[in-house]
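Structure, as structure tokens:
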Amino acid sequence: MQRAKKKYMEFKALNIAEFLHGTIEGDENISVNNVSKIEDGKPGTLAFLSNPKYERYIYETEASIVLVKNDFTPERAIKATLIRVDDPYQAFASLLDLYEQAKQLKSGIEQPSFIDPSATVGENIYFGAFAYLGQNSTLGNKVKIYPQVFIGSDVTIGDNTIIYAGAKIYDGSVIGSNCIIHAGAVIGSDGFGFAPRADGSYQKIPQVGNVILEDHVEIGANTTIDCSTMGSTIIRKGAKLDNLIQVAHNCEVGENTVMAALTGIAGSTKIGKNCMFGGQVGVAGHLTIGDDVKIGAMAGVSNNIKAGKTVLGAPAMDHDQALKSFVVYRRLPQMRDQLIDLQKEVTELKSKLNKQ
Amino acid sequence: MQRAKKKYMEFKALNIAEFLHGTIEGDENISVNNVSKIEDGKPGTLAFLSNPKYERYIYETEASIVLVKNDFTPERAIKATLIRVDDPYQAFASLLDLYEQAKQLKSGIEQPSFIDPSATVGENIYFGAFAYLGQNSTLGNKVKIYPQVFIGSDVTIGDNTIIYAGAKIYDGSVIGSNCIIHAGAVIGSDGFGFAPRADGSYQKIPQVGNVILEDHVEIGANTTIDCSTMGSTIIRKGAKLDNLIQVAHNCEVGENTVMAALTGIAGSTKIGKNCMFGGQVGVAGHLTIGDDVKIGAMAGVSNNIKAGKTVLGAPAMDHDQALKSFVVYRRLPQMRDQLIDLQKEVTELKSKLNKQ
Amino acid sequence: MQRAKKKYMEFKALNIAEFLHGTIEGDENISVNNVSKIEDGKPGTLAFLSNPKYERYIYETEASIVLVKNDFTPERAIKATLIRVDDPYQAFASLLDLYEQAKQLKSGIEQPSFIDPSATVGENIYFGAFAYLGQNSTLGNKVKIYPQVFIGSDVTIGDNTIIYAGAKIYDGSVIGSNCIIHAGAVIGSDGFGFAPRADGSYQKIPQVGNVILEDHVEIGANTTIDCSTMGSTIIRKGAKLDNLIQVAHNCEVGENTVMAALTGIAGSTKIGKNCMFGGQVGVAGHLTIGDDVKIGAMAGVSNNIKAGKTVLGAPAMDHDQALKSFVVYRRLPQMRDQLIDLQKEVTELKSKLNKQ
């Protein structure tokens, strides 16, 4: 079993330059174990300089290594070791990716853990201690299940998917490949459905559907996605949900739609693709939100929204109209005073006119 | 130990008709393993036709079996096998119930799990792997504790209650019978109470009370209910709380009150019975909300509400008043323009009058 | 291993009086196992009388023991045993503290649990069953890790910190001493960062930073704090966060700042010290909130706020202005009617004047 460290992998300038096909200026044996922004670089970290606006920081940075453009000409002495590359930002991003992949080298099945004899697991998986895999469930290849994850019965999880510690996947869920589910997320909890009885109490409506996450979906920490009453609650390919979001039963979230934290989507609402939701948005049930819709933070959506629209406010309005209404709202007390003044003036005018 | 599958239990038309005291028209050996809505029925599923508005779907549905009324007369050929019953919706609901019960056949104590020697457990319980039962705690009969649930010390859990994976029950909590607590819910965490010190820091006020859930309460995934400072935070009989709700210390939620997701109730607020709260509602502390109150989604309640009222908005207002104010709010920019126009006209009138 | 009970520790009046240096009036052998408010005292509980307003309750209380001031002179007979002290509230608070400390006597390492061989643990720790401590992580002295807690690799946790059941601490987190992290909280989940690709899909931006909680920080149940993209998301000394709060990547929360439940702070926002946030507040990203700022419940902050200000509303405004605007908002329909009336009057005046 291998587990990589987050912060203490050491890389030498020599090896980094080789990986990036860059050229070194300075100490080729200096090593780093983390990254930093150039403006707050610390010894032992690697930074990059891409935007000329930040050039002044390179003369003061404490970062040990800085990636710079091939044609960068310093105006003064630089303490850091430089690695010259074509595109410092791209190079930096590829280092981060490498770093992340190294972090994900965990593999093997830790003990104690629980894998039902009827479950099937792929090759090169990581299955952490105290994780649970229920009856007839299936894990694809290279899946990483962190400790204390619960996976119920009849769950399918595609290749390369990562489920972080303590996430809970209810029976019958279908999780695609290359998904990431963060700690504490709950997939497939019962939809909130109750039929009122004559005496004021409620009869639970069984929720026998499931949740489907398509490929490349990311679900944030402690986010909850309820199963459908019948059929499936669906999160389409490439959608990204932040932390503490609620998606109710029978909803559908379109491809590549992103939602910020604490947003709530009520039951049976269908959301299009490539939408962007700010934080703490609320969307009522049984609505249709078109493709490419943008919803500002804290907006309350109680009507369908056509494709391409941007809305704001609670209740949500067209973005420009919302801004205009809000500008006047801030000055409502003055406006009321003006109205009262005007009433007085008109009363005076009338009395004057009547006297004539 | 028995664990039922969510999706793959096969039932033949023959057996379903027998269970429902219905009569079959079509292939009595056709089998289904799931349910669907008639408008998106798939092979291998069972649907129902109750509302005549949906009749047109029965001629196209791919569902293998459809429940229909005894007196249903089709206008054209139907591919599906029909089962005729008195009330198709009721019959469908009873099938769902049966299905749910079958799903809940889990029993036995999985290993490894932790049951303190001083704890007491009833008959026919399910206690999942990696679940924890603390000192002097008691589980009733037929209780189902899913994997990775934490139950602290001195907790009492009534008969037939189901606690899903990873829910956390702090010391001293009292959970009634026939309750359902969903994955990741936290019952009994410390109330948020701090006394300011002279230096600006805070002294924690010990929270030595507990949480009481009465019978037939349902608590959604990742919902949190804090213990009382002293005495008990109480969720009364039959109340249903959706996902990601916060109930603070010393609150009381009345019988059969239902709350949608992401709602927050601040400390010491008492909520009556048979109330309905929309999603993302906020209620301030130390308030009294009467019985049968309805609070619209995203409302912010900062005052007591009398029994039977319906409120909306933040701050919350009477429902009708809120709608009226909002209608004008949308037209505020025009209203301001009208006011400015009017000011000009009055100024002109005055000058005209003065010239006379 | 010792685990204390929440509700059943019995204390005699004799021992309590000794601990408080008080004097007993009544049965010195009567015992209590819980505390109560004097107005709803029950047998077997201890209450206090500090505020004279509550004196009437002492004659009716069912509490077994009541703490009173040394100079308290009852007007009638009192059933409860009295303990006379200098300051009953202070005495009560010190009993609660004692009680809490007793509750925290858990110690030892329960089995099965998982401690990586490369991890280091201090003295007198409690490490619950099914808890996980990853590679190279360090626990200070007297740390209490409840069951099912996940602590990743390279995590440092200071002395006396308590982490309740099922909290999840990602790799590289740094937790100070005397912190409390409640059940289900997630520390260090990936920041929500994605770069759009030309085809509408998103490329995940690796989040290689971490989270730092300084000393005396308290984090509520199911609250989530994302790690920084680079560097650290920081919660400063003495800050207290309630349940279900989201703090996004690269944020900083100042010393002794308190936030109520369901609040969300978007990425890279810096919040000063000694601030107070109500529940369900939203703060946009990349903002600076000064010291001593107060933000009312449900406020939506989209601009920087200067030190010492109090704001309300969504979008947030100066507190007094917000209240004034809201008062007019409630009367908007009447105001519109007045405006329409005035328009008519002015039209009439004009026509009258034109006829002259």
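In order of appearance the chains are A, B and C, and numbering begins at 1 in each one.
Just so it is clear, a residue touches a chain if its C-beta (ideal position, glycine included) is under 8 Å from a C-beta of that chain, and two chains touch if they have at least 3 such contacts.
On a predicted model such as this, the values are computed, not experimentally measured, just so you know.
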item	value
Graph class of chain-chain contacts, one of line, ring, star, complete, other	complete
Rotational angle, Cα trace of chain B fitted to chain C, multiple of 5°	120
Mean-CA-position distance for chain B and chain A (Å)	25
Sites on chain A at which at least two other chains make contact	112, 130, 148, 166, 184, 222, 244, 262, 280, 314, 329, 332, 335, 339, 342, 346, 349, 353, 356
Residues on chain A engaged by chain B in the complex (per definition of touch)	112, 114, 116, 130, 132, 134-136, 148, 150, 152-154, 166, 168, 170-172, 184, 186, 189-190, 192, 194, 200-202, 204-206, 208, 210, 222, 224, 226, 230-231, 244, 246, 248, 262, 264, 266, 280, 282, 284, 300, 302, 314-315, 317, 321, 324-325, 327-329, 331-332, 335, 338-339, 342, 345-346, 349, 352-353, 356
For the chain C and chain B complex, residues of the former touching the latter	3-8, 34-37, 40, 93, 96-97, 99-100, 103, 110, 112, 128-130, 146-148, 164-166, 180, 182-184, 216, 218, 220-222, 238, 240, 242-244, 255-256, 258, 260-262, 273-274, 279-280, 297-298, 314, 326, 329-330, 332-333, 335-336, 339, 342-343, 346, 349-350, 353, 356
